[in-house]
Structure formats: C-alpha cells, structure tokens
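The block underneath contains the structure these notes are about, expressed in structure tokens.
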Amino acid sequence: MSQHRIVETSLRVRYAETDAMGVVYHANYLVWFEVGRGDYFRTYGQDYGEWENAGYLLPVSEVHARFHAPARYGELITVRTWIEETRSRSVTLGYEVRSTASQQRLVTGWTKHICMDREGRACRLPDEMIHAMAAS
Amino acid sequence: MSQHRIVETSLRVRYAETDAMGVVYHANYLVWFEVGRGDYFRTYGQDYGEWENAGYLLPVSEVHARFHAPARYGELITVRTWIEETRSRSVTLGYEVRSTASQQRLVTGWTKHICMDREGRACRLPDEMIHAMAAS
Amino acid sequence: MSQHRIVETSLRVRYAETDAMGVVYHANYLVWFEVGRGDYFRTYGQDYGEWENAGYLLPVSEVHARFHAPARYGELITVRTWIEETRSRSVTLGYEVRSTASQQRLVTGWTKHICMDREGRACRLPDEMIHAMAAS
Amino acid sequence: MSQHRIVETSLRVRYAETDAMGVVYHANYLVWFEVGRGDYFRTYGQDYGEWENAGYLLPVSEVHARFHAPARYGELITVRTWIEETRSRSVTLGYEVRSTASQQRLVTGWTKHICMDREGRACRLPDEMIHAMAAS
C-alpha cells in the first residue's frame, strides 16, 4: 500500500454498534468504511455532501469485507482508507480497520462506487473528483 | 384504549437489533414504533410514502418511551399502534410492544408528529389525513 | 440455483433503513441477509438462537454483495437464501434480494461463517447443523 | 444548567444516520445520547464497559426527546451531557444536541437508567458510581 495516499480516521465503538455476541455487528463495519470514505474525500477532494449538492451521487455498487477479529464496546478504532482504482465512471476504495491500542487488524475490505446523476443515470466522475483521485 | 382503533404489527427480533447486553438496543424500539405507524397509515389512511410524494412530511417532533422488559433475538413481537390525538398541524400516536408468545408488555410510548412541506415549513395536515385520523 | 433448497423471506422497507439518497442504505441489505439466514436455519435446522444457547456461534467471516438497483421506503421485498457450501468448520450462504412486485433483482451476495465456541475458538459445526445443511 | 458538570462530545453526522427526508433519522439521536453518556462516564467515573465487566448494567428504563431542528450529512455536532438526578437504584442523564457551527439547538432529552445485575435484578448503584455522580 505504500504507493497510496492513506487517510486515517479515529472512532470509538458505540454500544449501539454491538450485538448479542458482545462484539460489533458485522454490517456496522461497512458504516465505518463510509466514515473513512467521507474523511478521505474531505481531505483530498471535497465534502461528499457538496458533490451531492452539485448533482453527483456515488452509490456503493459492490462491497467485499473480511472480518479477522472482533471489536468491542468502548474500544478505540483506526480506519485507514485509500483509493484502489479510479475509472471514468467508477471508483474503488480500500479499507483497513485496526484496534488503535493493539494495532490488531480487525477488518479489511473495499467498496466500488459508480457515479450517478439525480435521475439515477450513470455518468462520468466530475473532473475535480478525477483530479483529486488521480493524485492519490 | 378500547375507544381507539388499533393496528397490530408482527415482527421478529433481528440479530442486528440486539446489543452487548444480549437484548434489543433501546433505540431500536423507536424503529418498531415507526413500523407500527407505517402499518397504521397503510390500514386507515394511505401509505406514508404516498403522502411524502404528495409533498407532506410527518417528522417526529417528540418521543417518549418506557422500557418495561427486554426482547431477545428471534422472539416474535407484536406492536399495537393507535392515534392518541389529532390536531390541525400535528398528530400523536401511541404504541405498545408485547412479546407475542407470553403477551408480556415490553415497551410503551408515544410519538408526536408535525406536518411539514418539502421546504420545511409547518403546514396543516391534508384533509384526507385528518379524515383518516378522525375516524380513529 | 435449481439444485439448492431456497427459503424465501418477505419484508417491507423501513424508513429507518433509508438514507439521504432516498433509497435503502447499502449496509442494511446485509441485515436483510441476516434475516434471510435466520429464516433458513429456522426452516431447515433450528433457530440460530438455540445454537447459540448450545454454545455454537456462527460469526460472519467474509461478505460480498453487489447492489444492482435500489429499494425504497414501503416497498415489499423478497429475500431468497440458500446454502452455497458446507465445510467441517464453515458454511457459506447465498442471497438474492428482489422487489416483490416487479421481481426486479436488487442485490445479490454471500456470507461465509466460521463455527466458534463461547471462548472464541474455531470449532467443528455441530452434527445436526451439518446434517441440516447437507440436506440442502 | 449552570450547577451541572457538563461533558461535551463532538461527532460528525454519518450518511448511515440519515433517512429519506435527507436529515438524521430521529432514533439515531438516542444513539448520540448514548455516545455522550459514555463520554460522561469515562470523564467523571469510569468506562461503562468496566462497570459491565464488574457486573453492573445500566439499561435505559425511560427516554424522552424533543426534536427542534434537523441535522444533515457531514455536519459537526456537539452533544452536551449531564446528570439530572441520582438515586440509590437509578440515575437520570440530560442531553442537548447542537450544530457545532451555528450553535442551533437540534435535540434535547433525557434518559433514566436503573442499575441491574447480570441476572436482571434491580440493584443499588455501586458506591464509586454514586460517588462519581454525586460530585456532578
């Protein structure tokens, strides 16, 4: 990953995110991916909400995640986010979730996003978005 | 409650809804209130989504809930929903959540909703909504 | 898929499951997979909660999903669930999510689960679980 | 409120927390109350998870919230948390949620918690918890 620009996000596990196994419910790691992605865009592009206001949506078209070890209530978590690949109409981001204290790797995964307009038609990523991604 | 029209909704506890105490996370009962409310409107008025399409939103302006006993994964649940009060610009619904098998009362509560248009301005409930509610 | 036993689950989209794009937030489809999985086990094995009570946990170790088209508030949804593969220590389930009315395919995916005991050690799937799966 | 010790928590609105109205889904503010409560305990008592490890649970027995104005994706939020009242077997916390930038008040509310042991029996708050609360 050394060739990637990486953005690190810190968060603390919420009780709402745990389940009856006493650990974080698996689907909630995808929410953490989203939090990491938002921070990535805010750092190297612009706020994702601004892109939506400008008429560009980036819905998730595909997701993959591996759950290596569980996170628990109150634990501090680091989410590392980077761009895996940019195409004219899609972008793929990679993620790694670690326990901040132990640096144990908890979850790895990626999400693919297609660019859509407000009418739900696939469209090219806006130039400034490609530009921001390319530099990654 | 005998004077109220009541709509009963059945649902089964999802693993996603539990937390590390091994029971349903308290905020998720508010989601069940929403499910009950949707069924109420669908039964005695029209689908809430249709009201939104027509330009009327009913955001929650106030909520109160008492948690009497916990629900667990896989349990069948009955949500009973009724209209507490209708005013020209707001409506209050009441809820009771029970374990279907034991009929034990788990949660009781109410939500107050104000009528808003797409621009976020308070507005009168549409006539057919008042009509549907009045009959309750 | 004709060689698989398939269990169908019906559910209705909750407002809580939607996001600011006006459609279901992608991570919530994983919750629907979980609902389908629970129904599968209840139909062809036993309630997953019973397995947990007996000391066997089936945490998700890997997930993949493709999002073909969005679901909206109030829509009726069909989740089809089947066993993709059973091994001595893991099981993989497949899912297909459709709009009940239009039969449009919305999401496809799979989850892999490893068998664990209460101490978090990997263990063999219990015989009755293998038996139930094998018949699939 | 000037007589209360107040803990302030900062968070940013997640996309997962929004709904089809384009704003934060009401039940998610209760999750923010939980985040504020966790920070309060961590600041003036001990980590809530530690209390659970010691055998004391503090489930929510009652909640009330008023929703004054909506929060939107990406917005920075301040949650202010304080102790409203401590009794031998229960504690009530108060919350105020504001937009960090505009200081607009978004949500106010309170949660009441009863002290329970692992077997689900009501019990006295542990001394160090009362102590921590009393100083509030």
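For clarity, chains are labelled A, B, C and D in written order, and residue numbers in each chain start from 1.
Convention: a contact is a pair of C-beta atoms (placed from the backbone, for glycine too) under 8 Å apart; a residue touches a chain by one contact, two chains touch by 3 or more.
A quick note: this is a predicted structure, and the numbers were derived from the prediction, not measured.
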| item | value |
| --- | --- |
| Result of counting contacting C-beta pairs for A-B and B-C, higher pair | B-C |
| Label of the chain whose CA centroid is most distant from the centroid of chain D | C |
| Centroid spacing, where centroids are CA-atom means, of chain B and chain D in whole angstrom | 23 |
| Whole-Å gap between the CA centroids of chain B and chain C | 27 |
| Interchain centroid distance [CA atoms averaged], chain A/chain B, Å | 33 |
| Sequence positions of chain D contacting 2 or more other chains | 15-16, 20, 23, 27, 31, 34, 52, 72-73 |
| Complex interface listing, chain C residues touching chain B | 12, 14-16, 31, 34-35, 38, 42, 47-49, 52, 72-74 |
| Footprint of chain D on chain B - complex, ascending | 20-21, 23, 26-28, 30-31, 34, 52, 57, 59-67, 70 |
| Residues of chain B defined as touching chain A within the complex | 15-16, 18-20, 22-23, 25, 27, 72-73 |
